[in-house]
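To start, the structure under review is shown below, and the notes come after it.
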Amino acid sequence: MADYQGNETLRMETFSDGVFAIDITLLTFQLKAPSLKAATSNHSLALALFHQWPDYIAYFISFTTIFIIWLNHHRMYNVIQRSDVRFMFYNGLLLLLVSIIPFTTSLLADYINTPANQLSSGLYMLLFASISCALFTMWNYATDNYRLLKRPAADVRIQTVRNSLLISTVTYALAAGIAVLAPFLSILLGLVIVFYLSRLKYHRGKVV
Amino acid sequence: MADYQGNETLRMETFSDGVFAIDITLLTFQLKAPSLKAATSNHSLALALFHQWPDYIAYFISFTTIFIIWLNHHRMYNVIQRSDVRFMFYNGLLLLLVSIIPFTTSLLADYINTPANQLSSGLYMLLFASISCALFTMWNYATDNYRLLKRPAADVRIQTVRNSLLISTVTYALAAGIAVLAPFLSILLGLVIVFYLSRLKYHRGKVV
Amino acid sequence: MADYQGNETLRMETFSDGVFAIDITLLTFQLKAPSLKAATSNHSLALALFHQWPDYIAYFISFTTIFIIWLNHHRMYNVIQRSDVRFMFYNGLLLLLVSIIPFTTSLLADYINTPANQLSSGLYMLLFASISCALFTMWNYATDNYRLLKRPAADVRIQTVRNSLLISTVTYALAAGIAVLAPFLSILLGLVIVFYLSRLKYHRGKVV
Amino acid sequence: MADYQGNETLRMETFSDGVFAIDITLLTFQLKAPSLKAATSNHSLALALFHQWPDYIAYFISFTTIFIIWLNHHRMYNVIQRSDVRFMFYNGLLLLLVSIIPFTTSLLADYINTPANQLSSGLYMLLFASISCALFTMWNYATDNYRLLKRPAADVRIQTVRNSLLISTVTYALAAGIAVLAPFLSILLGLVIVFYLSRLKYHRGKVV
């Protein structure tokens, strides 16, 4: 029985890893070679590439964010042993939200340089807030009364992680609000959360 | 021998998981940032995004449906131990049909808002009916005389699953027919089947 | 040592499976919803979809062919235990050729209905001939003096498979030649080879 | 503990393999069927295909380079047993850089035939130099005081690999410089490094 459940989370992890890997790679489509006429010079190509800076920034932030989400998803499954229907649906919801990232990324890249940058950066941060909230919900559900944890679960930092995921959710929501006033500050705040989430420890003895 | 066969289904599962994961992620291509001129305002962007509602609905339904198909495929392989050439071809047929989902999804999203919505939603449901039929065929073939099951298979709910997959196939076909009269009702019916399929139990002791 | 080598082929297999799964799914991009104006009727959409028949045929043939190549690749690795640098390069060459299939597929679909159908179907078959030749080379290298086989290899059908892969290579090359005279006959011949390759047995006791 | 760490690198490897496999397959998008009018002849199609030679060359070089990077990544993880946060970030950086390859590839293919070929081939080589540098950094970090290696690590060729990765990094950087004078020579040099990196041995007893 224990053996079966181990296999169960394994296959869900593999499927999730596939979706994460594809989503992180699909971001590349945001980066397109500029279409210039054949007689172009090195200088005009350099200029055209330089004008694509919003694409590069959006690519970088989305890549690191997906990587950190994957990392936290991964750390979470390190201490989770069992699964049930409801947890699978939470996981499915997470994947659905993560799969929308390439869309909000292209929205951000296309409009960060226009008067519509408040809406595009706001939606960008709102999606991250929802994803962080999905992780928070998964963790709460899995750790409530040690429901899906490996036993003994003494070294699992249930409360610390819960608080941290709550903080990141609230901060992302805040960043979405700040976007109305200062879109670039909001994006900067997003990078700070990425750094914060990268240092989250789910288990005392497991560093990654 | 038993060990080999276990490995056999494992690699087919991994390959199938890859195709499922890619197909579910390719749906994202349906979601495209609207192309507005540079001087756009937040308001006009919001309006343009709002007008994309058929894309969001189509994305959501297709995502959840692929997820549920994956879930059922996964539960099926939980109780299947062996494989043969014919079962592999049934599985290949299933993957071929699942890979067409992004196509019918974009068809639905592009035409649900036009007088051609009867055809587009009808084809959308017809594909799901075929997929459900493929799952039904796989299950029938695998469980007939316990052909590919793990033994003892006493707790496997062969008859219940058979009936449920037959019901979902017929209901999808019905939804395709209803699309001629009421496309939106047909889509709603599709969501009901997704919910129905999500609760299917293939084994008494295995909840997911 | 044996354990290591087992892991070695495992990771190459996983990587290859990933490439196969992505390539087979990328074929979907060939299928695009027709772009009609908003006031379109069900009838005009049906007509537009019907006119895409070359896309459907090309999709179907390429899907089944990639599936069969994967199946044979898979069966081959069932009896192969070791690996070396040269074998990895043969495998890499196979993946490079398989990754070109979506390109020749779109070439076929776009031009099968034009006077340029001889060239497009010829190149299509030529690529399959090269892939079949790559499989033939891999098998020859791996089985020569039982170099990379699991021992005892008594039940491995070395000679039968060698002949069959040679036959399919020659037939694909022939089909490429026939394309100059009769493109559709050439495509039909391709389907026959797919059927032929699907029945290849690499080991007496292993059915898939 | 040791068991856990083994699992840890395994999941990072699987995730990385996914990204590598997707990136190597996305290169296919560089290859597009030429858009000619319906009444085209075999001759004009052949001509159009021939004029796409920069696409084929760029595709070939990028494919082989990603394959070799994967191979070296793979060989590296053969002798690495443990992981920590910093190493995961180095690995994440490597994946970020590898994911940019399809972008620089299309840049190279689109501009190699124009006066802007110096910039496009220079950036192409610069990215490869960064990737080689990332591999060098990973290896240095992992082998420093045998930090993440399997013990006993006597047969691991720490110094040889370190030197080789340094050489390839410097040569790629050199190739980026040469691109200013002779773009095609620079590309040729890139192919030489691919061949050089393909022969790197990380462990005396492990050939692949």
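Residue numbering begins at 1 within each chain, and the chains themselves are lettered A, B, C and D in the order written.
Note that contacts are C-beta pairs under 8 Å (C-beta built on N, C-alpha and C of every residue); 3 or more make two chains touch, one makes a residue touch a chain.
Since the structure is predicted, the reported quantities are computational estimates derived from the model, not experimental observations.
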item: Touching chain B and also chain C, the following chains; value: none
item: Per Cα centroids, the chain farthest from chain B; value: D
item: Same-residue or different-residue interface between chain A and chain D, half as cut-off; value: different
item: Whole-Å gap between the CA centroids of chain B and chain D; value: 36
item: Separation of chain A from chain B, taking each centre as the mean of its C-alpha atoms, in whole Å; value: 25
item: Residue numbers of chain B (touch at least two other chains); value: 14, 18, 22
item: Each pair of chains that touches, named by its two labels; value: A-B, A-D, B-C, C-D
item: Interfacial residue positions of chain A with respect to chain B in the complex; value: 1, 4, 8, 11, 14-15, 18-19, 22-23, 26, 83-85, 88-89, 92, 95-96, 99-100, 102-103, 106-107, 109-111, 113-116, 118-120
item: Interfacial residue positions of chain B with respect to chain A in the complex; value: 13-14, 17-18, 20-22, 24-25, 27-28, 31-33, 35-36, 38-42, 44-46, 60, 63-64, 67, 70-71, 74, 78, 198-199, 205-208
